[in-house]
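Some structures are shown below for you to check.
Common to both upcoming complexes is chain A, partnered first by chain B, then by chain C.
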Partner chain A sequence: MAAAATCGTSAGNKGCTAAAAAAAGGKNNVTSFQRKGPRASVPDSGCARLVSIAGTRPSVRNGQLLVSTGLPALDQLLGGGLAVGTVLLIEEDKYNIYSSLLFKYFLAEGVINGHTLLVASAKEDPADILQELPAPLLDDNCKKDFDEDVGNHKTPESNIKMKIAWRYQLLPKMEPGPVSSSRFGHYYDLSKRMPQELIETSKWHGFFFPEKLSPTLNIEPCSLTHGYIKLLQFIQNVIYEEGFDGSNPQKKQKNILRIGIQNLGSPLWGDDICCTENCDNSHSLTKFLYVLRGLLRTSLSACIITMPTHLIQNKAIIARVTNLSDTVVGLESFIGSERETNPLYKDYHGLIHIRQIPRLNNLIYDVSDVKDLAFKLKRKLFTIEFGGETFPNVKI
Partner chain B sequence: VTASKGAGQGSRRTLEMESVWGLGGLVLLRDSVEWEGRSLLKALVKKSALCGEQVHILGCEVSEDEFREGFDSSINSRLVYHDLFRDPFNWSQAGEALPGGPLGALRALCRRTEPGPVTIALDSLSWLLLHLPCTTLCQALCALSQQHSPLGGSPPVEPVRVLGLLHMELHGPGPMGALSSLAQTEVTLSGTAGQALAHILCQRPRQHPTHQTQCFSILPDFSLDLQEGPLLESQPHPDPHIPPVEPTTHLTFNLNLSKKEREAKDSLTLPFQFSSEKQQALLRPGPSQATSNIFYEPDVYDDLDQEDPDDDLDV
Partner chain C sequence: MFPELNNLLNTTPDRAEQGKLTLLCDAKTDGSFLVHHFLSFYLKANCKVCFVALIQSFSHYNIVGQKLGVSLTAARECGQLVFLEGLKSSVDVFFRAQAEPHPLQFLREADAGNLQPLYEFVREALKPADDGQAAWRCPVLLVDDLSVLLSLGMGAVAVLDFIHYCRAAVCWEQKGNIVALVHDSGDAEDEENDILLNGLSHQSHLILRAEGLATGFCRDVHGQLKILWRTPSQPAAHRDRSLTYQYKIQDKSVSFFAKGMSPAIL
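Now for the complex of A and B:
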């Protein structure tokens, strides 16, 4: 299990199973104990139990298959990554600047790993969203950019050699950044766009809601679940036709579907929870999330949703939405708030609140101990650090 | 647009206004009972008419004559007026009223196909909010201000500017928040003692929102006059009665050392400290580092007999 866990590619996994089969075969000559299971008999179909898909890895805690969110620091906070079949809900910051960054990181990670993308939005055309994905930082040439970005804020005290804990000088300041494409999480350069050829070779489906609205709509408001119904049907069609739920068992390599839904719950989707407190159809969003989670659990997909919860008037809906999602991360930016002038927060652009972490096939949560997390957007990177009241200026 | 006194600063401010103006998209003019915004709306309409753009006006709150009052004939001839005030529910059926009511009028504006930059003035958004469901209005505004070309794929080249007059007291936080999230620029009108102030919150795509305050006045012929004034830039000032938060005040340990304290700290010999050569040898990962060495200095009470470790037990 441990050996297979480190194999990220199918070729590597084949090697592992071949070795296991050889070992098992070798042992069979000596002892009478037979190893049961498909491993010894079928060395080339890949392990039946472990799904070896590019860009995924099993969790070290409970073996759950994880995908990267595109931001390795966020992966670390969520316990290794986002579990396949779950929903990551991002509560948007006030001007939707940083949440759209996380959304793009998620999609960019899908492009790099060769996953299929499904992008749904009511405001922007999905093709435009894909044009704005950040470029990946790859191995050598960008390592110096990464270091220069990180090292800019070195405080003067850190240059003094440590006198008591001098062995810690051997430790690297940050984890090594730029990576080859077989690694789990990647780093991205926000100042550059993803190369066009990478986007073109990726497979994606777009759902732009204003196009799906029928032009002959009459004056009566469309049923509130109209947009959501169409989106659910679209997602279901893609999952079924492309075989993400195992319905068309093909010989080709299994892949992950990454679904990204932007600004869910905003009035542009036809939902009025942001407009009034006592809305007529306050359950349409919760029903949507329930059905979506059912679709995700039965397929190899992961979903990111950004939601403008600061606009939702009825706070009970926010609580219900949080319960219906698996992982919930809230972003609070300091723009325009009084925290902008607070000296505690002068290095940061906002706070990250990990509001909920799922308990999947598990009895305990995988929550990090520190609750004060702050983020800052540097010129090229989005970093998350312990910040604020408890630990000023300590990097993860 | 004329800038009065202080040519340098005035021209800088007009440049900022021009860049805000050139953004396009939805511009919300939020007025209140104390300071009305229709005159600013008419001034902006006149400005775009003078620039040669097409101007469409959806009039709901005041009659067409009242709106056109104050404009000279050259400007009046450039305005295309869609009148919803006279017969909003199409009762007269004389064929003059706009078919489809307010929503039909908005959709018709979306479908116009003449090329060139265009300004659409909605007088007022409050009236539309009261007559249409908020979600439908938001969707229509988004479609209006984005104007995707029918060919698809190519970005819209001409900026479409939608000016919406919104009366702040009439609406709750829900619709106001929903419209603010759609708007590229929000201008909130206020004023003191005869001087009009505009707080402009401008959200360029993928950039931080910028906040400016601008004094202005509207001349009788609806020209906009930007003025010098207290130009307060972005940050909210901390309340002077509350002292700024100093994080190191209530700690139980001392983070700031004086020079003497620092010297005393540096000259202190630490226990278990060995020479710096040994330290450097350990720090430098060399080939000799393959086997780790344990440096042990036996204590007085240590038992050195390796043979029988349980010798001192009473068993």
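Now for the complex of A and C:
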């Protein structure tokens, strides 16, 4: 059963239980299993054949190309990862603490995998955002510190051959801990910064809105605010110039573009939906999202947007924005609310609501059974667990 | 198409009715499975289909269509399907000025105009062939979905006008059908959307409403489908017939059962 589970991660590997049993049987030379097909090698090699871009893997359900969000717990909730060509909308928590963290995890994952980054913000200079990315936890360092954190002590007998459950000896040890940089999804240490050399070798484009303000508008008015028009043109330019949509004959790009847009919809972008209920250009944000999604669907890119939806006065706009996004995740932190002192929530920092998951190329989608999810942030681990009033605490 | 839904609606591809407006709406759930059903139903019924797909890409509908037994690429190549891909066209319209009026022209305009270019596109796509030979049974307009037009700056009245013109051209003149999806925003107080939904409800012959369960998410019952047959021309003549079923969506089909009779419970 466990063998089938690990083989399931390499797409479409049928008959793997028989092959694994045959391989195990071959080792001991005491069974009568006949090997049917070629010898089953390490389960991950099935993935390696299909994946040609670093940091991506095909979805188990429909072969859709997925990238990691930088948070393995969130990847699991979203059905394996974020699909390339889609938008992940994060509804910010009240003080924008945890949503900016998810934003940084997403970008840090891009740096580790060698993806190109596009960081857009109206509040912080993208160069400063990149300096503050958390350092990754790789196999060769900090393993001892991590074990202290989780309380997971490696037993000295782990290297001894298993006598009874010999079939399970072949399986990779399932650890929730730090992984090597060739795997999908990494863990990050928030107390350390990303090493400077990694940031310098990464390719990134920054869009800092206050710098892009130009006095003259040389485009015809089309009911989008100036900031959004500039941002869309910038993104389209990068996609075309770097060849992410395959239309540029000079550039053959086989990499993912990770787009991160911070605080979209806030007054710093020139939009007034957070200020009044009856705003002048209420369609500006929704039009922006529509054209952005059009750009993403036709290119090898994935986008994360954080939006202060708790500030938007008009509920209809939130509903429309949700319909125009693919994956929507809402964060609710306990800081300053009465839940902070509630004994039920004393181990957690907030709730995470999965508001929408897309059904891409499919009638159905992967959805977790439990909807009450809480998160807690330790120095090196952002865990999402089943919390809430009705369910006992079970770690995913 | 889903054979169980055909049984509930009492139709088959051979006996598809003509001149009807079908309204699909969803509340608190995703009603796109109904769009896939009608798309494959009318393609199998040998009708000429004009699909205005504003919310997803062509490959999405194609891959689901293959699970339901139709090939959209083949239909597009032989002329049975005219596909307007909203997402891809919006990029072209927005970044490059077009020489001729484009159906999605309104994306470039500042004021909420009207949807006349889109109507002209539909009319052109569904007009009968010049040689008078009826290659296909009847024209069908499928729109997924109309609520997106409100998000893109169109007023509810402009969208209702568009549907009115399309009904005159497609349903009355050419005896074809229209199927359109509108989201029901529920308690989000989206006035424009409510106007659109109410206006279309009064004009439709058939309303299929997919709702999420009031008690929340359930693994075995994904939602409830309310089917309402209406006769818009004689509003108060006799009671409209309505049925309610619960459904569960599977990989290649949807199973329907009476309320409370889910196989998981029995």
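Everything that follows uses one rule, which is that the second predicted complex is superposed on the first by the 303 of 396 C-alpha atoms of A that agree within 3 Å, B and C clash if a C-alpha of one lies under 4 Å from a C-alpha of the other, contacts with A are read in each partner's own complex, and residues count from 1 in each chain.
Following the convention adopted for this analysis, a residue touches a chain if its C-beta (ideal position, glycine included) is under 8 Å from a C-beta of that chain, and two chains touch if they have at least 3 such contacts.
Since the structure is predicted, the reported quantities are computational estimates derived from the model, not experimental observations.
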Could you tell me if A:362 is touching chain B, chain C, both of them or neither one (first, second, both, neither)? second
Just chain B (first), just chain C (second), both, or neither: which does A:323 touch? second
Once chain A of both complexes is superposed, is A:270 in touch with chain B (first), chain C (second), both, or neither? first
Using the touch definition from the top, say if A:127 reaches chain B (first), chain C (second), both or neither. first
Kindly classify A:295 by the partners it touches after superposition: chain B alone (first), chain C alone (second), both, or neither? second
Just checking: does A:338 make contact with chain B only, chain C only, both, or neither of them? Give me first, second, both or neither. first
Looking at the overlay, does A:236 come into contact with chain B only (first), chain C only (second), both, or neither? second
Using the superposition on chain A described above, determine whether A:353 touches chain B (first), chain C (second), both, or neither. neither
Output check: A:97 vs chain B and chain C. Expected answer is one of first, second, both, neither. What do you get? first
So which one touches more of the residues on chain A, chain B or chain C? B
Interface residues of chain A shared between complexes with chain B and chain C: 221-222
Any idea which chain B residues touch chain A in the complex? 100-101, 103-104, 133-136, 138-139, 142-143, 148, 153, 155, 172-175, 177-178, 181-182, 203, 206-209, 211, 235-238, 244-247, 270, 279, 282-283, 285
Partner chain B, residues of chain A touching it in the complex: 95-97, 100, 122-123, 125, 127-128, 132, 163-164, 166-167, 169-170, 210, 213, 219, 221-222, 224, 266-268, 270-272, 274-277, 308, 310-311, 313, 335-338, 340-344, 389, 392
Please output the residues of chain C touching chain A within their complex, sorted ascending. 30, 32-33, 36, 57, 59-60, 63-64, 67, 86-91, 94-95, 107-111, 147-148, 150-153, 183, 185, 187-193, 216-217, 219, 249-252, 254
Residues of chain A that touch chain C when the two form their complex: 62, 220-223, 232-233, 236, 283, 286-287, 290-291, 293-295, 297-298, 315-316, 318-320, 323-324, 359-364, 367, 369, 371
